[in-house]
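In the two complexes that follow, chain A is the common piece, with chain B as its partner first and chain C second.
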Partner chain A sequence: MTRVAVIGAGLAGLVCALRLAQGGADVTVFSRGTGGLHLTPGMIDVLGYAPERVEAPGETLAGWVAARPEHPYAQLAGAPLEEALDWFRGVAAPLRYGGDLAANMLLPTAAGVARPTAMAPAGMAAGDLRGGRRVVAVGLRALKDFFPAYLADNLRRAALPGGAAVEARHAVATWSPRPGADVQGHYFARALDEPGARAGLAAELRAIVEPGETVLMPAVLGMRASAEAWEDLCERAGAPIAEVPTLPPCIPGMRLNLLLTRALGEAGGRMVVGPEAVGVDGSGGRIDAVRIRDAARVRAVPADHVVLATGGFESGGVELDSYGAVREPALGLPVAGPPGGGRGLGPRHLDEHPLMAAGVRVDDRLRPVDASGAPVWGNLRAAGSIIAGAVPWREKSGEGIAIAAGHRAACTILEDT
Partner chain B sequence: MAHPLHDAVRGSLDNCVKCTICETYCPVSAATPLFPGPKYVGPQAERFRGEGPSPDDSLTWCSSCGICTHVCPQGVKIAEINSIAKAEMAAERGIPLRDRLIARPTLAGRLGAPVAPLANRLARNRLVRAAVERAVGVHRRAALPTWAGRTFQSRTRLRRQPPGRPGERPAVVYFHGCAANYYETHTAEMAVRVLEMQGLDVIVPRQGCCGLPLQSNGLYPAARHYVRRLAGSLAPYARAGHDIVSTSTSCGLMLKREAREILDMEDDDDLRAVSGRMYDICEYLALMHERGELRTDLLTPLDMEVPYHAPCQLRGHGVGTPAMDLMRLIPGLRPRQVDAVCCGVAGTYGLKREKYDVAMAVGEPVFGQVRESGAELSVCDSETCRWHIAEATGVPSVHPVAMLHRSYGLG
Partner chain C sequence: MGCDVLVIGGGATGLGVVRDAAMRGWSAVLVERVDLGQGTTGRFHGLLHSGGRYVVSDPRSATECAEENAILRRIAADAVEDTGGLFVTTPADDPAYADRFLAGCAEHGVAAEEVPVAEALRREPRLNPAISRAFEVADASIDSWTLLWGNARSAREHGARILPYHWVTGVLRDGDRVAGVTAQDNRGHREVRIEAGFTINAAGVWAGQLADMAGCPGVTVVPGKGIMIAMNHRLVGTVINRCELPGDGDILVPIHTVCVIGTTDVKAPTPDDLSIARDQVQEMLDAGEVLVPGFRESRALHAWSGSRPLFTDERADGAQDTRHMSRGLALVDHLERDGVEGFLTITGGKLTTYRLMAETVVDAMGEQLGDPRPCRTAAEPLPGSEDGRPYWLGSRLRRQEEVMPDDQLICECELMQRSRLEAAAASRPGLNLDDVRRVLRLGMGPCQGGFCTYRAAGVLHAIGDADGPRADELLLQFLHHRWLGIEPILAGRGMRQACIDDWIFQGALDVEHLPVTPPA
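Now for the complex of A and B:
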């Protein structure tokens, strides 16, 4: 049985590991802590801005990558991306992901921005703003950092295609699983898995909502049984409800993490959370083992293939030192720094920062390459934000790259064995 | 006064990005609003601690299960920060007699062993337990172990060999810990038989307590003393090239890492030598299997489904769940990992009168899945967790080596 070590448990690492386990490989995911899905809103962005807002990501991508041969999508757009998203739709069926590459939805953020995204769970897709909508934004009194007045106010000013408009007002519901306390989103979510708890909230919503309105709620409606909780709440409230993702920890990302890690376990994959990958052993251009630092020592874990999915700067997959040098700390791979050299940082926070596109460059089989374009190791692949060339939060491309690269890395390994 | 947080732990504090992932995994804050979660009392409150009284005593509800450190993607030593802060607060306020007693399992072990039948009868007597609860504060329904008549040490004196003596077969050292010495001697015996089955000689040197219960009850100087003494008795074996194998996940972790990090014993040479050779028994057997050295050919079928709970302290080892990998090697055995993080007892936390209800609420998801499985037994690597789970569910709980022992036809 082919032994594969996947380093990193974010979206790219989990997608890759699950696809490999389904394909019969013996997979172990090593992750320093829980992966970053907890911090993401659970939407699948493929291409949102290029740099103008993108309406049809599939169509736009073709021309867009032609002009960007260094972008990860140059290896992934087209069939690999489409196959990966079809596979993901199947895997994530319990969360009812809808949408495709034909057209971006415009889903409200907690700041009242219409965010272009390709796929989202049904409970979020219900808030699609294309064509305009009448909404009532409902906050939860005990939940901090979700401001329905702010959301409604900004939505009224949202720029929508074809001059469509949002009619928005706001209200606050007082139901809480822990009366008298500030309550984080995950306590609401776990409580609302229980049908009994949903009755109290639904009664309040029924009193608030007016005919023709969609209720916009913070995305805390259920954790393990979220699709059922959402459907049940819509029915009890007598109105359509759409979830709006909150600040991290973000429940829709946690739901996706739960779904993928559980599916991985059922497919026979292993998760080893805690230790850090600190290098590899190998010879003749192939890796034999990954070096893992556990509680007592560094041990060599034998592997036939390795996938590096440690993320970008935000996850520590790439580091910048005080001299401006960029490095990849886990395996010491060559890093493609900011295009055009220099420190790659703009003068102001929200400016362009070319540095953020730093990462490892890969070939058409997603193998990290050196400056001459040759693979560093014949049996090493990279997936997700560690791949150089993208600025995901500006392009709104992060999940598309993660899923397509994770899936493609797995498929190329399965082809090799 | 020097700051109680030493550099190894304090250095991690600034890595906290307030993502709150630790809180979403915290089993205690999920069970009770009394504990606001590891982020608040850890990286956040730590900035307000220094000289003078602690700013917030909600910290006392932390069970020190360590899940927060385990899941932190930024490498913040949250559980370690909280352990040290808890010990500081305990020192400020005085440590109750109860905590001093339950922190010394060797004391209870030595007192009860010679009079085991009587001690066991008393420990099961409701009136006695009610009196103990009133007088000392150990909850009347908390699971207490059963004293074995003779200690494992006294049964196994013949195995007390010096380090490095050349033999026909490779020799490993078995570190049994207090629980397997005074109470679960059968677990220790099964571990030795299973190791011998692999063609290993097993040495059982004299050994004392690792000091973990002292550490978790804030008695740091005493804990350091215990660690030094134990490391001193095991280090000669480690230096002579013997691996040290343990059936106690928490005591093994104490010697691997916790004593060095929490008790600030990084410079202890004996401890460093022991840490480098210390293995959890399932980790050790799984590594043997990886090298093709495990006698899988002698495993006979066990046609049963068993729920398995990976204890918090095992997660701290950073080795995954080797017990699952081993049990999957047994033909017919269908191990099913419980989908919950903690059983609630966290060593001595669940024994305490004021903490017992919280510990039971924490463990309910584990108990529910064990009960619903309908299995005749459940499996868990850690002894206090086994006692707690068995008491709460009425289903006996065994160490994973018991499954191997049974499959090898050893009894």
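Now for the complex of A and C:
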């Protein structure tokens, strides 16, 4: 059995590991922490802005990568991306992800922006604003991460295609799973896994919602990796409800994390959370083992293939030191910094900051390459936001890159064995 | 609007002046072009000087600092944390300076005592172990905004009116007398005319510009710009000074949950230049390494710059009559100097001596008016400091524990509750998130606004203080202003946090597509 070590437990790492386990590989995920999915709103962005709002991501991608040969999608757009998303849709079936590459949805954010995304779980997709909609944003009094009046106010001014408009009002529900003025989202989510709690909230919603309205609620409607709580609440409230992701930790991302880690275990994969990858041993251009630092020692874990999915700056997959140098700390790979060699930071917060796109360059089999374009190791791949060339939060491209690269890395390993 | 005394400038000096004048029974008004404490007062390192820094280079300032330090510990206890201070001789310092330092302290009234190196290192384990000598002094850290609000509250209690966001557009003249100002009220969007029997220019680094407007040219206040960097932890619990002549990056001040290294000294082209040069950032980090090895590996949280008002008078030519005190504190008598009545300028100085500056200029005013009245500011505590108990690090946590079940925590890093934000908005309608930061420390902690910015904008919208477009503007403006202090020092975990924040604001909330034009 092929032994694969996947380093990192974010979306790219989990997708890669799951695909490998399904393909019969002996997979272990090594992760320093619990992975980044807890911080993400659970939508699957492929390309949202280029830089204008993208209506048809599949179609726009062709021109996008032609103009950006250094972008991760240059290796992933087309068949690899499409196959990966089809696979993901099947894996994530319990969350009922809808949407595809043909058209971006426009989903409300907690700040009331109509935000483009390619796919979303059914509970969020229900808030698609394309074509206009009548909504009532309903906050939960004890939840401080969702401001229904602000959301409604901005949605009324949102620019929608074809001049469509959102009619929005707001209300506040008082239901809470526990006493106190400041209750975290995960308490609401866990409580709403129980039908009795849903009955309490639904009673309030029935009194609030008017015919023809969609209820926009903070995305705390159940913690389990299924659409069950949301569906049941819609039924009990007698109205369509759409979840809007709030500040992290984001429950939809946690549900997806739960779903993927459980599927990985069921497929025979392992997860080791805590240890840190600090290097590799190898010869003849191939890695033999990953060096893993446990609490008190470094041990060599033999591996036939290695996938580096440690993320970008946000996850510590890439680091910037106080002198301005960028490095890849786990394996010491060559890093592509900002083009032109400057600091790559602009004076205005919402400017494009080229430094943010730093990472490792990869070839068409997602192997990290050196400055000459040659693979550093024949059996090492990279997946997710450690790959240079994208600023995913600006482009709204993060999950597309993560899923496509994780899936593609797994497929190329399975092809090699 | 009319008053006996008009004070221009809402920094520590101006607030000190308006309080002092009001306490002496004059009707007083203060105008500030932006928010109180938005200038140099809010842009320093937080050090309440013992005087030790100046015993060799500027003894008069040293004595003033030592005296005022003792007074502020009494009257502004709420703003002062009694950290104590150490002067240490590092391998990079001239070892001969230490004896000159000790002698200077003794001569100029600055308490200092040598402590064994082992004892200094026991107290401050991160301190450079290669130090050769250490001296204990009465340095402390002081929150300039707390000090400012205390002065403002006290001044109001004594009948003064304080008008932030009032930009002086012209100085009124009645023959040889300054008779008040016209100002643009940038919140009410109207011009106001304030007539005053006497006008005090406490505009700090902008004082030269104000004197020009009053027809008293040649008052030159050179902006001596310095940068400071706040580190994410209190690497030291005591103020640490290099035992050498004042230089760049020679002070490390523990204040609130951070410590601040300062500072550089570069002549800035204008007082409004707040840019942070990359080479100065590197210089500060190197200086930090001298005091605390491994400093560069710590997380830098935020950088800022401020300009010291360094006074020179083109007309004085070394004469003593226009400059009554040492270079630290400058009183300009425009009657003697320019033949202009009813107008005095007070500039120069340090935060530590703000009260003395106020006393000095109000005394001079009384003298000119032929109505000397005694100063009481050295004895009467500021509101909030009546019990004389100094600030301590756990005080915010204690308050949070009291209100926890009934209130929402909007800023976890700085323990800022929703009720406090709502109260601030009620007392100052139309405030922006930087105003909130100066009052309640919003966004000053480790996440640098990552979580609280959206919540604060949401709360101000929810209570009706901001409509949708205004809330959007507040949010984007605050994020941008935070960026100005983050970008120059981005590295390590700070870079990581900045990218996580971008995932939140751009990734999850898509704030760059809010239905407003991002503010300039």
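Assume the second predicted complex is superposed on the first by the 414 of 417 C-alpha atoms of A that agree within 3 Å, B and C clash if a C-alpha of one lies under 4 Å from a C-alpha of the other, contacts with A are read in each partner's own complex, and residues count from 1 in each chain.
Note that in this section a contact is a pair of C-beta atoms (placed from the backbone, for glycine too) under 8 Å apart; a residue touches a chain by one contact, two chains touch by 3 or more.
What you see is a predicted model, and the numbers here were worked out from it, not measured in a lab.
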- Item | More chain A residues in contact - chain B or chain C | C
- Give one of first, second, both or neither to describe whether A:Leu39 is in contact with chain B, with chain C, with both, or with none. both
- Query: Regarding the shared-chain residue A:Pro275, is it in contact with chain B (first), chain C (second), both, or neither?
  - Reply: first
- Task: Could you say whether A:Met254 touches chain B, chain C, both of them, or neither, answering first, second, both or neither?
- Result: first
- Query: Now for A:Ala158: first (chain B), second (chain C), both, or neither, which partner does it touch?
  - Reply: second
- Touching A:Ala181 in the superposition: chain B (first), chain C (second), both, neither? both
- Message: Quick check for you: in the superposed arrangement, does A:Gly265 touch first (chain B), second (chain C), both or neither?
- Response: first
- Please identify the positions on chain A that touch both chain B and chain C, taking each partner from its own complex. 39, 181, 248, 315-316
- Residue ranges of chain B in contact with chain A within the complex: 19-21, 23-25, 30, 33, 37, 70-75, 253, 256-257, 275-276, 278, 290, 315-321, 325, 337, 339
- Note on the structure: Within their complex, chain A touches chain C through residues 39-41, 49, 53, 109-113, 115, 142, 144-147, 149-150, 153-154, 156-159, 179-182, 245, 247-248, 250, 312-316, 319-324, 343, 345, 347-350, 356, 392-394, 396, 398
- chain A to chain B touching residues, read off their complex: 28, 31-36, 38-39, 178, 181, 184, 186-187, 190, 248-249, 254, 262, 265, 270-276, 292-297, 302, 315-316
- Item | Residue numbers on chain C that touch chain A, as the complex places them | 278, 282, 285, 296-297, 300, 404-410, 418, 451, 454-455, 457-459, 461-462, 467-469, 471-472, 475-476, 479-480, 482-484, 487, 490-492, 495-496, 498-500, 502-504, 506-515, 518
